[in-house]
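Listed below are the structures to be examined.
The same subunit A turns up in both complexes below, where it pairs with subunit B and then with subunit C.
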Partner chain A sequence: MKSDGAELLRVADLSLDYISPQGIVHALNGVSLSLRRSQLFGVVGESGSGKSTLAYALIRLLPRNAVIRSGEVIFDGMSLLTVPEGKLKDIRGKRISMVFQDPMTSLNPLFKVKDQIGRVLELHRGVNKKEATRLATDFLKAVELPDPEQVLDSYPFQLSGGMQQRVMIAMALSTQPDLIIADEPTSAVDATIQVQILELLSRLRHEHQFSMLFITHSLEVVSAVCDSVGVMYAGSMVETGSVSDIFSSPRHPYTQALLAAIPKSRKSASEPKRLQSISGTPPDLLSLPPGCKFNPRCPYAFENCRTEDPAFRQVGPGHEVACHLYKS
Partner chain B sequence: MKMEPDAHKSSPEANTRRIFKRLGRTIGPFFQEKMFVAGVIMVGAMAFIAIFAPWVSPYPAQGMGQTAVSSCPTSAAGICPPSLQHLFGTEQTGRDLMSRIFFGIRTSMMISVLVVLLAVAIGLGVGLTAGYFGGIVDEALMRVTDIFLSFPHLILALVIVAVLGPGFFDVLIALGATWWPSFARLARAQALEIRSRPYVVLAKASGVTNRSILGRHILPNAISPLLVLISVDLGAVVLAEAGLSFLGLGVRPPTADLGVIIAESANQITTAWWYAFFPGIFLTVLVIGFNLLGDSIRDRVDPRLRGFIGTPAMNKLLRRI
Partner chain C sequence: MSRLPLTKRQYIRAVDDVSLEIDRNTVFGLVGESGSGKSTLGMSMLRIIEPTSGKVVMDGVDITHLKGKERAKWSSQLSYVYQNPVSSLDPAWTVEQSVSEPLAAAHVPSNERKDLVLQSLAAVGLPDYFLGRYPHELSGGQSQRVAIARALVRRPKFMVLDEPTSALDVSIQAQLLNLLMDLQAEFGLTYFYISHDLSVVGRVCDRIAVMYLGKVVEVADALDLFSLPLHPYAQALLSTTSARSSSFLAFRLTGEPPSPRNPPNGCRFNTRCPYATSVCSKEEPKLVQVKGNHFVACHNLDLVAQGKVQVPENFRPVAVRGRSPGEST
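Coming up: the complex of A and B.
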């Protein structure tokens, strides 16, 4: 049933605005991406580039002031933006589950872990309490938590951040979803835990056969676990491709600048400090520049960039870039 | 790491011991505060009297108002000063004042607890719904709440009682109807804050129904700040109820009530000091007790509001001057 390589999720030309008292915030501007089964797709971008908005838009969990301007989201043949709310409830949690950034606040402080995972299982897999506890133990074992029984009987505050994030992952896994959307799952834990969590995720992906949309601002994290990457800038996808394509031959000037901005360790203290930043600031989403969103900061910008929004062009197999520098 | 030998044993006794230990850790710090202890003693004593009124009263039947035999023949009006037979003296029909007061405390506490329960139930329902759903639901519910809030408690209660007529249940409805808005506002503020917490968003992302989210996530997490308001309001309702009764709009005279007794005593205030004095004392103790409890709970919940007097911070400041 779950054949590798078949398309699971397709986002086409998704545009979304937030209506705010200051004006219309153009949070997403024609985002497109495609995710195959069992694929781990990383979405990278600065704060405010629309990564999280994209995640919430996929399962239509948007604040009241959000308006979807155009585009479609096709999940396993279903158009998620148009299905009725009632049907969406069966998809949320059951077929698409989420993992959030801050594990400390992602668990209700007043209930034991057992009750929280148990409820998810009761809700989506229709099992009774006893069976739910047994299954929960299995999933806690799957995320490599030592002494699962003890963890089940704990309140969230009795667990460390890393343990809580493992619990969150176990919860996301427990309904055996087709897609897990992870919104910066390793940003709130320290570096060693981050590595463990990333290793866990890549191992689980093979065992449990889920696809994952991995939202992060860290290129290192993407390179460590993802198959493909999409780079976002000011609510637009500027470049997508496999991890090796993006890291070995980045095409978009923004991607190149991002890669150059990764702090590198120096071999000795005498070596000059090199921290490259991207000049200028991200654009105000209230009033985006015409043409390519990156043109005011782009060192290669020419006339065309200031007037015309670049379309995606294929520059290699599965490697696409939205930039006027590359003519197909 | 070395563990105590029976740290993780789950025999029933060990479990019970652990529960008590945990309970002790939670409640223990409260008892280190004089204010809390004083509040507990005051409210506890009043509650004891209220619950066991028929057994602690020297003349239970008279307290109930069922017999009106004058036990003090020396006075024409039946009002006698405190004596060994009647420690607090007697009141206008010759009934034992102590018994009347004890039964009066019973009425006052019962009304105050029921009113606060009613107010919390309505307030939580309205406030959590408004805060969680927001938008038009919020606007509609909160504007209704504002209408209720725009009248002073007692004035609104007076109007409602005037329409319904005085009596136990009418007072209950009148006070309940005027007390819920403050709970609604607090509950709404809580819901507004909690609804954007990640675990609520995650619950939504997991396809949990709104009703379930309200019941399992919003309500349990919104309760603790309400505790303070509940405790302080218990005292305020006692006062309001006594006020209504004093004006003749509360509980009807055959039922003993602190407000009624004080109202009756008003005519004799110059000749019979005990008549107003004793019920007044008990009313004061009851109200102060509830307020002390409320204040000390608030200190726990929000240490920034802790009383300044007697704290090390104040001593430090004094030394500098």
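Coming up: the complex of A and C.
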């Protein structure tokens, strides 16, 4: 019996490197987060923040040159980083599903939708073909596709981007997972379709009782669908908290700068068009600065910031920041 | 009007009967989703795709059918920045070669080119040593700066920018938008800014046209459009952003847009419009002036203004969520 509020996933101090010909890329540096049942947690960051690496690391879908240096990933009491591959395969795709960014590359172009979603059902739920088709129709209805039979009989290229993404979500839902990891599931679709899909996910979460780890570069998407958010920068988690906390009182200078950089339409002609940008550029993951990774671009950086990596400290209930400006 | 011929002689009328006026030194925005025809319109204006009919008039001169030397003279005044800098820069060419290309095409003497290239790079904030770099060595933001430098090198008056910041991170986008505003002031440019991103358009544009399936459905000053959009499609678009006023009945569109190959009869938006009545599927509404600088193409503006939904299946209320970025408790 799934109960709301219990911890489902805990990531503790996860560090990961990629070994590359140019050197060692420090992709994740001591990342921690906690996800409860039925919670929608958004992981936000720009390019190089490590947000996608984090998602793939949780289920060990990493390239060969990735090395996990330290940390734990505990899912429903199991250590995902150490379970044998056989047991992991049972969990991956069944108890933890993934929705990828570009459905065109994750749906097999050679097979009809019914064969793809049918296969998932036969594999993970052990049903026969007829039952699989019936269940598939139900899940396609759940994602609000108007003509499920037609969609089942189609090849992916015959469907629009929005429809393909709904098919991906239906496939992810069909195994009745505890956790869905979605990596930028709506960045390839238009605004009006994106908002439909985000609101759909929010509704489905209650009906089907799953948690979601939602990876995105867009703070606006997070505010539309998530309960909690974690902000990442250069491989580190810099701030976590509820959506309302992070948006109304962001504490980390990077979070503040990111929010300030989002363009907002002007209210009057006298309002300047200039946006607040963050000075400098994102760091090179091959040679990260010592101390706090954000210090070269931070308007508040002081001596300590250049030498010591700040630890995560609580600044309010459920609100944590990794920044020397805040002493607990 | 522009068309792309397909097998079996089918035509997609990508842009249908669009008339726009763009004032000097302003930023004119064009908003629309996939299949709206906005990129085709941008390219037709510069005759990158030749229009099938209609005309493009710049500074009082009809440039639609210019050829040869005449055309060459005018082409220096117009430039285009494409959506994806990675694919618009030739991967086998250095930055210098790419930025220099428009000069070479215009037969600018080769000994003058390097200086002009350096000036252009400086204008976009790239130091001299970028000359020898290749596109794969550049970040997204740097690539886009190179594309802008290339578009600037002949000192045009008019630039079409097609989704220039869509592929960039938020913080890089902010830097680039500020750069574009600075360049406009410095070089006296007029921009035609094509984007699907309403927040960006609402920030940097002075005047905005909204397109749906090849047609312009609304044109207004940016502040007017954002404070009170009149066309139901514009309202649906504005309903997706967090920063909308409560001056209209926000709603969600249902279903998928029709294919541009087979647009609906009458008003192209009628199949998804909550306010559609029988006239909408028979007659195309004309773009008419409603007040001041505000133009709309809709048969039922009075119903829309009163929020009197006619087709409930096309109306989905907006789910109320928690906070939006920037909003305080």
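Before moving on, here are some points about what is shown:
Here, the second predicted complex is superposed on the first by the 324 of 328 C-alpha atoms of A that agree within 3 Å, B and C clash if a C-alpha of one lies under 4 Å from a C-alpha of the other, contacts with A are read in each partner's own complex, and residues count from 1 in each chain.
To be clear about the criterion, a contact is a pair of C-beta atoms (placed from the backbone, for glycine too) under 8 Å apart; a residue touches a chain by one contact, two chains touch by 3 or more.
Just so we're clear, the structure is a prediction, and the values are computed from it rather than from any experiment.
When both complexes are superposed on subunit A, subunit B and subunit C end up sitting side by side without clashing.
After overlaying the two complexes on the shared chain, residue contacts for A:Glu131 are found with neither subunit B nor subunit C. In the superposition on chain A, contact of A:Glu72 is made with neither subunit B nor subunit C. Once the two structures are superposed, subunit B and subunit C can be ranked by residues of subunit A touched, with C on top. Angle at subunit A between subunit B and subunit C, computed from CA centres in the superposed arrangement: 80 degrees, to the nearest 10.
When the two complexes are overlaid on their common chain A, residue A:Asp309 makes contact with neither subunit B nor subunit C.
Using the contact criterion defined above for the overlaid structures, shared-chain residue A:Gln194 touches subunit C, although it does not reach subunit B. Taking the two complexes aligned on chain A, the least Cα distance separating subunit B from subunit C is 7 Å. Listed in rising order, the residues of subunit B touching subunit A in the complex are 8, 134-135, 197-199, 201-202, 204-209, 216-217, 220-221.
Residues 33-34, 139-141, 169-175, 177-178, 181, 196-204, 222-223, 226, 236-237, 239-243, 252-256, 319, 321-329 of subunit C are the ones touching subunit A in the complex. On subunit A, the positions that touch subunit C within their shared complex are 46-47, 146, 160-163, 190-196, 199, 202-203, 217-220, 223-225, 243-244, 247-248, 257-259, 261-269, 273-278, 281-282.
Against subunit B, the residues of subunit A that register as touching in their complex are 59, 61, 64, 88-94, 97-98, 100-102, 105-111, 119-120, 123-124, 150, 175.
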